[in-house]
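In this document, chain identifiers A, B and C correspond to the written order of the chains, with residue numbering beginning at 1 in each.
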Amino acid sequence: MKKTLQQILIWLAVVWCLAPFAWQIITSLKTNAEIAHIPTIYAPVHPTWGHYQELFSRKPFARYLWNSFLISSVSTVVCVLVSAMAAYSFSRLKVRGARGLQVGLISISFFPTIIFFFPLYELVRRTGMANNPIALIVPYITFNLPFATLILTAFFRTISLDIEEAAKVDGFNRWQILMKIIMPLSAPALATTAILIFIFCWNEFLLALTFMTRDSAKTVTAGVASLSGGSIYEIPWGAIAAAVVVSTLPLIGLVVVFQKRIIQGLTAGATKG
Amino acid sequence: MRTPAHNKKMRLEDQAFGYLMLWPAAIFVLVVAVYPVLRILWLSFFTQNLGTGLHPQFSGTLNYVRLLKDGHYWQTMMTTTVFTFIAVSTELLLGLWFALLLNEKFHGRSFARTATLIPWALPTAVLALAWAWIFNDQSGVFNDLMMRLGLLSRPVAWLGSGPTAMFSVIFADVWKTTPFMMIILLAGLQNIPEDLYEAVQIDGARAWNSFRLITLPMLMPSIMLALLFRTIQSFGIFDLIFVMTGGGPGGATETVAIYNYRTFLRYLDFGYGAAMIVVTFLITSGICLLIYWPLSRTRGARALATERAVEKSEAM
Amino acid sequence: MGLLLLFAASLVGCEKRAESTEGVVVLNVLMEPDTTGIWRKLFAEFHERNPGIQIHHVEGPTATDAREDLYTTSFLSGESAYDLVYADVVWIPKFAAAGWLEDLTDRWSPSEWDRFISGSIEGSKYRGRIYRVPTQIDGAVLFYRKDLLAKAGERPPATFDDLAQISQKLQHPPQLWGFVWQGKQYEGLACDFLEVLIGYGGFWINPDTDQVGLDQPAGVAALTFLTDCVQKWKISPPGVTTYAEEQSRQLFQSGRAIFLRNWPYVWPLSQREESPIKGKVGLAPMPKSDDGRPASTLGGYGFAIAKSSHHQDAAWKFCEFISALPQIRRINQATAIQPALKSFYENSPDPVQQAIYRVLQTTVPRPPVPQYAQASDILQRYVSAALTGRLTPKQAMRGAASETRLLLRRTRTSKGRDSHAFPMAQLR
């Protein structure tokens, strides 16, 4: 009996988690008349792809997706690289000042973005980098460094020193050891880190909204949010629903495929203390 | 050739290499994190707004004095505090419940875990639009469901009045962040050794007791960490509310971060905004210390008590 | 590694948006959606007359604040996305103080500027210089039920006391309320309050001295009048503290109010066939007290030119075109927006337009200080607190004045005006 109750509760929880997204899928397939219909229609009678078409024609949505993808990918790759380098140093080499950097990194993860945004905005303005992806990539790399170095440092520590000793005997220098031996061995941790960084970058809003003012430069989050605004009567809810679906589908894919890794990554970060 | 001189040379090379490896990260941190914090501190002592033609004028503590009397700021601070308190405690309770549920093995567990990850993984700003639609007064599905379930007799204009808008926003935030709590707590749960439970059960303890004496104290570290993290984040909440209600209606859901953002980008009051960031940070840190200092001390005491209890039962 | 460098290189050299093709200059302007289609027609006509110039309408949200924010972030980021600015009056001090607008004062002679209603020019100025060509003007009007007043032998109220007395005498709530206005906490509330404030002879902010007049006796009297309407005399419905323009208009249009303070757009709507008050509506300027004068808050849009635009002369050609009488007439026909051109009214036989014209002579601008948005926010909060009974009018005005003074202060030691970044304003 207890088991069945538990099962029911679990499935209720699952439904609750998926419902808003599912509702957006349904809304995106309804015609405008069905969307406005009262009482609410749950199963579209005349499903239509019209909103998706409208979405790509009314706004440069494909462009938004590309921008998000580009910025997230580049940030992820560079961040993984930089944090691997730092993690190697933290885990293997006793460097003066490393502690300071580690403390600095941890503190970053405690500050909400609003603290950094204005001086960064000033920098962006002064260097003329507004609407340039670099304006977002550099901050994104930095904000993910604490988390990434944490995971990788912990993982590198589990790699036995013997392997490195053997490699040194074979004539490898430190850099080659890092790149050709440690990194490949760390593939699982790197993958986990990369996925989490990618998700973070894709979802970031505050900086994307502020630094990218030109429509063609916007990422998906800034672009979709700019679809709204205006009076309640002229918001194209169908197109918005289509936008929500399209902009979140890649992430859903990531989560489905990498579910285990994501959970590992999150908990590694949380149980560090 | 392992002479002492050789070893020293290796160590120095290692040091140099270690330094080099840290530099990229250090540069990023300096430019994107350290510099902004220093700049904000500096800027807060200047008036730089439209009244000064956007030129900075030294004004000492004027911004801070003005902030003290700024009714709008304190109102948003109150709104944010209420939001944080309700949202975070709800997330914690729900997250704990989900974690306990998902801790057991069952059919389709993997699917359930994937599903519960979805809210956390999706972009808040984009989902905020979905929520605005769900809570729409005319055609929103929330009203429809509530009426079909008999909980409401007439549609409610959720985003049209202060308290109901707060409810909607908190609802959406809890939906998004509960999975994160759940994951952390689940990991914590899975770290609790089985034998602890067995030891207590030998004494004939009931489920509630084993929860109270073992689960909760052993989970405390995870709970504390998650709470701390989420509280700080919740105080700085921006994306969800900005897109869902814009801080409305009439500023009822306007949080400090939104007022702060508008101070910079709408009012162009840069120096004042900087002072606001400093004060907000101090208040947030203060609140965190206030809550977690006494709690962390009890955590230590309870963990100690738990250990003693377990030792006693093992000795028997 | 090499791939990464390639990526980085491609990012830095991002293509600049090509705005003008061979020979044709494209001017970008952000406006609300063109629901009537009139702007599209006018842009096309302008292009016919000036083949080398094309106007590109960037569709923005209907909410005026949202569009202001879009212009602000665009200018602030240093990118010249817009050449023309379709600007509300309240934007001018902010945009001009930030240095984003081109000074247009010398493009026309004073007599040419004089073709526009003086209030609309005042609203286009900052520190004595003109930054905008006004195409429309808005000024609040006191609408009243002339049938009810005539039946009772009353004339439209000239003073606030008259307004209160007539309301109390003729109303029978809740079927018929006396005085309906906009009491919700938003920009409209600042407008409503400002009219009563000037009507009592007070002032909000003196833009030349940064003096704040809210806590003077006139300010307290003005706020007391509004709170008395709601709490003491009860001539305004309690819900008035939630009304914006539309709710108040709907109440009046369904015949349930004697007096309505609102904008001229109410007139054509109230005279539609299905309107219960068709033929029963009169227009008058806002009332005053002995110490004050009738005041109507100034609103309305016009075209300004971005300083960062590379095509300012082309933009000016457009401003000249769009502000000419024929185009103004067509805009008014399509959208019922009140023109800012004097000749429109002088040549109009319509008595209602004449009545509106008289009201438009009494317009007062909201304080043309760059920090206006914040000052308005402060005022709205305190007025709203008094209307809902949380504070007394005196407490509210004192609080509002004190916060406003801190807002306008620039350095620790200055009490009022301090060193300006700009030369002293000429007294108007």
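The rule is short, and it goes like this: contacts are C-beta pairs under 8 Å (C-beta built on N, C-alpha and C of every residue); 3 or more make two chains touch, one makes a residue touch a chain.
All values reported here derive from a predicted model rather than from experimental measurement.
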Most remote chain relative to subunit A, going by C-alpha centroids?
C
Winner on C-beta contact pairs when B-C is weighed against A-C:
B-C
Separation of the C-alpha centres, subunit A versus subunit B, in whole Å, is 17
Nearest whole angstrom, what separates the Cα centre of subunit B from the Cα centre of subunit C?
41
Between subunit A and subunit C, what is the separation of their C-alpha centroids in Å?
43
If you look at subunit A, which of its residues touch at least two other chains?
210
The positions of subunit B in contact with two or more other chains are 265
Using the touch rule from the top of the page, what residues of subunit C touch 2 or more other chains?
73, 76
In the complex, go through subunit C and note every residue touching subunit A.
4, 7-8, 11-12, 14, 17, 33, 61-63, 66, 73-74, 76-79, 81
Residue ranges of subunit B in contact with subunit C within the complex:
47, 49-55, 57-62, 65-66, 69-72, 75, 250-251, 265-269
How about subunit A: which of its residues touch subunit B in the complex?
3, 6-7, 9-11, 13-14, 16-18, 20-21, 23-24, 27, 35-40, 81-83, 85-86, 88-89, 92-98, 101, 104-105, 107-108, 110-123, 138-139, 141-143, 145, 149, 174-175, 178, 199, 202-203, 205-206, 209-210, 220-222, 224-225, 227-228, 232, 237, 240-241, 243-244, 247-248, 251-252, 254-256, 259, 262-263, 266-267, 270-271, 273
Contact footprint of subunit C on subunit A as seen in their complex:
70, 74, 77-78, 124-125, 128, 130-134, 137, 210-211, 213-214, 216-217, 229-231, 234
Within their complex, subunit B touches subunit A through residues 13-15, 17-19, 21-22, 24-26, 28-29, 31-37, 39-40, 43, 98, 101-102, 104, 106-107, 110-119, 121-134, 136, 138-141, 144, 147-148, 175, 179-180, 183-184, 186-188, 191, 221-222, 225-226, 229, 232-233, 235-239, 242-243, 257, 260-261, 264-265, 270, 273-274, 277, 281
